[in-house]
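As written, the chain order gives the labels A, B, C and D, with residue 1 at the start of each chain.
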Amino acid sequence: MALSLGLIGGGFMGKAHALAYRAAGAVFGDVPHVRMAAFCDVHLTRAESLSGQFGFDRATDSWQALVEDPEIDIVSITVPNTLHKTIALAALAAGKHVHCEKPLALTCADAQEMEAAARRAKGRTIVGYNYIHNPIVRHARRLIEEGAIGRPVHFRGWVDEDYQADPDLPWTWRARRADAGLGALGDLGCHLVSMSHILMGPMESLIADNQIIHETRPLPDGNGRAPVENEDTASAIVRYASGAQGTLCTSRSAWGRKNKLDWEVHGTRGMIAFSQERLNELQIYEACGPRDRQGFRTILAGPEHPPYAAFCPAPGHQLGFGDLKTIEVATFLRAIASDEDVFPNFTDALAFEAAIHAIDTSAREERRVTL
Amino acid sequence: MALSLGLIGGGFMGKAHALAYRAAGAVFGDVPHVRMAAFCDVHLTRAESLSGQFGFDRATDSWQALVEDPEIDIVSITVPNTLHKTIALAALAAGKHVHCEKPLALTCADAQEMEAAARRAKGRTIVGYNYIHNPIVRHARRLIEEGAIGRPVHFRGWVDEDYQADPDLPWTWRARRADAGLGALGDLGCHLVSMSHILMGPMESLIADNQIIHETRPLPDGNGRAPVENEDTASAIVRYASGAQGTLCTSRSAWGRKNKLDWEVHGTRGMIAFSQERLNELQIYEACGPRDRQGFRTILAGPEHPPYAAFCPAPGHQLGFGDLKTIEVATFLRAIASDEDVFPNFTDALAFEAAIHAIDTSAREERRVTL
Amino acid sequence: MALSLGLIGGGFMGKAHALAYRAAGAVFGDVPHVRMAAFCDVHLTRAESLSGQFGFDRATDSWQALVEDPEIDIVSITVPNTLHKTIALAALAAGKHVHCEKPLALTCADAQEMEAAARRAKGRTIVGYNYIHNPIVRHARRLIEEGAIGRPVHFRGWVDEDYQADPDLPWTWRARRADAGLGALGDLGCHLVSMSHILMGPMESLIADNQIIHETRPLPDGNGRAPVENEDTASAIVRYASGAQGTLCTSRSAWGRKNKLDWEVHGTRGMIAFSQERLNELQIYEACGPRDRQGFRTILAGPEHPPYAAFCPAPGHQLGFGDLKTIEVATFLRAIASDEDVFPNFTDALAFEAAIHAIDTSAREERRVTL
Amino acid sequence: MALSLGLIGGGFMGKAHALAYRAAGAVFGDVPHVRMAAFCDVHLTRAESLSGQFGFDRATDSWQALVEDPEIDIVSITVPNTLHKTIALAALAAGKHVHCEKPLALTCADAQEMEAAARRAKGRTIVGYNYIHNPIVRHARRLIEEGAIGRPVHFRGWVDEDYQADPDLPWTWRARRADAGLGALGDLGCHLVSMSHILMGPMESLIADNQIIHETRPLPDGNGRAPVENEDTASAIVRYASGAQGTLCTSRSAWGRKNKLDWEVHGTRGMIAFSQERLNELQIYEACGPRDRQGFRTILAGPEHPPYAAFCPAPGHQLGFGDLKTIEVATFLRAIASDEDVFPNFTDALAFEAAIHAIDTSAREERRVTL
């Protein structure tokens, strides 16, 4: 079986997708072959150049043409967030399998519309929450399911970067809600929610606050300053459907943090902790054995943690960011081949993204929001 | 100048105070000599035994006698929290300098009454928030004041232990609000607030939630179970008077955490982070210099961080918990000798403790609480 | 320009090479296109299966046929170490560019023969010391060259794994010098020497000792035990040509170490340290600025550290083991395209491997060995 | 029972001893009371000032008078190393118990003479190798004895500081062998040997090399430069009597290292590692249980690790450098009271120090040295 890929978007994530679709079949013997069929960027020369570099058969600057091409099986959408909805709806309508980068959309209403379309469509969907495919994160989830730390009762999560920390950065469209939607919550917070979801299950309600640290930024042309409309930080205290509680915090203005998506799951018999900046390590404390020997144990990712072994049979050799994307792609390809459900599809992603919008709502309206 | 000490309480903190009062003058050449005058424990034999061990002149089982003894200058109160108020009020009334363990009292009203008495009294007061005397924490505060990380805009703080993590622990008086007051907030949270206060200044308002993980515990006599009335965890989202925001979280049921009072101060030009379980280290990120060399720097406590050098002229040799108590005592002794203000006195402590009660109120009444 | 690859060997490193050759052109826009021409494994069915998985045009079980195929430009050799020499000599004789896994050979004499052949051949060569291609390691080297830590005066290096730590592991051919050559030095030590070489320059002489921890191992068939002939650990004290000194240690029986290739370069103005198990981090201490702020700084790999940005424009996202191999391959492809020297070619690799054999000689003959 | 202390030396270690003798009885209920009888410094005003600060009964500038004072039971020697021998011999001859700072003497011959005198004397002796009294180090030793990591087969040890790292530091007497004896080996290396000894047992033979990094230093008066005669770094490869091997390395010119006495014990069933800069933590890997959960565990010092509980009943509260000295003193006082052997007495210390001289000899004479 071979599946034809049409990839839209020549930015960071476009490249990440291209590399992952090229690699998936070679890494995993059990996924369908992918034909790199068409690559689309809004600039034709860029489309042609990257199409060649990534090994696509042809280039185009028309996503509509790509989406309607009957030879294309999978449409991968890595364009700016504002464009996700239009393209995804068109691709679903055309019967394609759709791989969409996160977040689905700028608003919850748009995400709901996409999700509804996905439910009606015949194609499979997946959304690019790639960190949850990390073998050591999957292992954490398995350990929790097996009871290694008892019943999960509390969660702490943070996701911080510093790309908006510098007070002197010029204003960009990212600062305008109409163009960019949420701030840190949309860029980062939804990744954290995806982790919270697989580890703790769904949320029930939350209270939250948020903060614009740099209220205005200088306009690039030097003519004065413009307001920042979306949050630099957001913090939420959450009640889970299970009865557990937790906090989720995010900042895009946290100097020194580069990709610090960290979390702790507190259980009745132990704790598990993880940090994305050391994505091959897991910390676990199990409250058993002699007390004088108890402590947090650092588990290094290795072949005992599927699907690490597909990349390397030796432990401690370290997977990278790109490898997580490859696992995501393989997951999607396998699901398409076997016509089975994927996780996280548009429905799952909507659940993640409803949470970041609930945080935003709670913060702006100063009230508890139920999910 | 010599000051006579009367110490009340033969538990963990009683010993910590005794050791610190014994050491302070020898460590620091500039503090008044302390005469270990009288030691009180409710059990006379224990009082006598520990009095001998700690080098006191005499033992008593009457705190009233100790407090009224005209030869005593300083009364140190390390008894269970319920008894702080009665003894402190008596000692202040008797004109003593009062060193009281944290928290001042079980309720905010009681703490207010103690604070009012302290303001009217002629003796000086200090409360045992010893972690803020850590040389490397003082250094952090100095760095922030000097602008090393720009304007502080966000705070994250946690203080976790695991002494109530075990679901099988029997019920004790600690679980009853009437006897113990708050749970994790009273034991741990107030330490975190003291850190927040010296680093970020006063709070303005907050929203919070809390959680009783183990709702009942087995009675020690085996006859059924009794309810736990105070919180195992609490989480708050805070607005500071400065305009900064932050989160403060605490748990007494966090397996593996032994004294994990950690915090991060996010500034407009950098970040500083600290962990009490590695109390001789500070992490700082300064957004300056070549970008390819930027990173978090681990500063090890050393003689450049006063008053570390009084303990050891060589860096990296590590101060311990007891040394922080010795610094607290020396701070108090110096203030008494020079008749100057101490930090944190009863007024400062009231401010810290008002915050933990505000968290509790917010959590129980589900509303924003202004401080 | 397109180059045709013939890859020999269907093990761990064969797959690593296949993935890297597939990825290199897509990651880097400036490297020649690679045609995955032929894949060889000694078992034809395995060759055919993997050839399909990796995307080769054809499969063969004859390395001779592959090496002599006029359409092949590059021969990649990932077979067991005993076979490197024969195949490499044949490939060089056939005018191919040769990519050989480390170590070149079991003995120094064989490595010398290969190196001499490479010098006479028209093809370019590279040897699979992929860890030195790590962007953060390259950055370390650049920092040293720029004088960030003054003159390098001392080196400490270790490379430990635990694949032979278990006393109960059965005997294999790895334990026989005639089949496997050196023990930990050959598997691991040569990687460490490659690091030492790029950071400290060539060695002048050394003294060493080594150790067989498990002197015999049970035969797999249960009939008694057989001797282990090569070292579990080796330790050397080295004098560099520059006048610096250092130690290099390796163990294949170090429980808990999975890929712990760590080193420190001590300079007259600072120190740099690295750990392969956290391959995206560098530690640097620069003895400058206020003393109360000095400390080791953790630099996270990011786009400021070429060629990280080719994989990801955002810092802290983590490269993996496979990405290092991709950089190695790209380095080779660029050198072939521009007909320039590669590092490390067979001559460089011989220098690395001469050092491990010198350590072995010094340990066995109990004398200082000059390189 | 009460023991009278005479303490000689008003430097760093003099203060450390004074604080420890003041604290020991109060920390531990079971040690004899100490009378702070007499304090000696070569400068009478300093002696008087510190005597008052430390709480001694009287001050003197005559160590001879102190040593011969019949009221003194214990003589504590914290003067510069060159003076240890004369004073210790006199104190032993006078029948005193002698607490001598490390190292015993500048040369092995002098240390042997002191050890012989100690064996003949009636007083007990102890030498200030205080790091081996760390509760978490004692715990490591106990774990090894109990077989937690199987048979110890390999050791790695380092002890690095940076007090001689700066090339611009002026020349001092520390650089002259006649005055200072060994360099890094004498200041630091002997501490490492003491660790090696309690963990691995006695050494059998070794090979070594050493290095003077800064061959001359500027004279303080600005008139030229003088040679540095003793080693900045030393490295040894050791064979233990048990058959194990190991490496011991030291540097006093390792920028950024403040008190980095680290070690690893490799066993046949696990590994234990320790770092003095985090003296309340132990790392242990036990090769048991499910492989997917194995990892290094960080044990935090707590009341399960005697005698931590005497300082604090709560885990994770951190002991400091001074607390280790207090444990050393208590060990000595108990041994005197019960008339039992102390570890490490002059005989044990001689064994430690013989090793550093063997390293020096091996390095200078370029040959294997047997102990």
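Please note the rule applied: contacts are C-beta pairs under 8 Å (C-beta built on N, C-alpha and C of every residue); 3 or more make two chains touch, one makes a residue touch a chain.
These are the chains along with the protein names UniProt gives them: A, B, C, D = Gfo/Idh/MocA family oxidoreductase.
Please read all numbers here as calculations on a predicted model, not as lab measurements.
List every chain that touches both subunit A and subunit D.
Where subunit A and subunit D share a partner, that partner set is B, C.
Go through the assembly and pull out the chains touching subunit A as well as subunit C.
For subunit A paired with subunit C, the chains in contact with each are B, D, in label order.
How far is the middle of subunit B from the middle of subunit C, if each middle is the mean of its Cα atoms, in Å?
53
Distance from the CA centroid of subunit C to that of subunit D, rounded to the nearest Å?
Once rounded, the distance between the two centres reads 41 Å.
Averaging only over C-alpha atoms, locate the centres of subunit B and subunit D and give their separation in whole Å.
Distance between chain centres: 34 Å.
List, in ascending order, every residue of subunit C touching at least 2 other chains.
Answer for subunit C, listing residues that touch two or more other chains: 257, 294-296, 300, 302.
Any idea which subunit B residues touch subunit D in the complex?
Of all residues in subunit B, those touching subunit D are 12, 15-16, 18-19, 22-23, 25-27, 29, 49, 53-55, 161, 163, 257-260, 277-280, 300, 302, 311-323.
Mind listing the subunit D positions that touch subunit C in their complex?
149-150, 153-154, 156, 158, 162, 165-167, 207-211, 213, 233, 235-237, 239, 245-247, 249, 251, 253-257, 264, 266-271, 285, 287, 294-296, 366, 368
Give the list of subunit A residues in touch with subunit D in this complex.
Listed in rising order, the residues of subunit A that touch subunit D are 139, 143, 148, 282, 284, 291-300, 302, 304-305.
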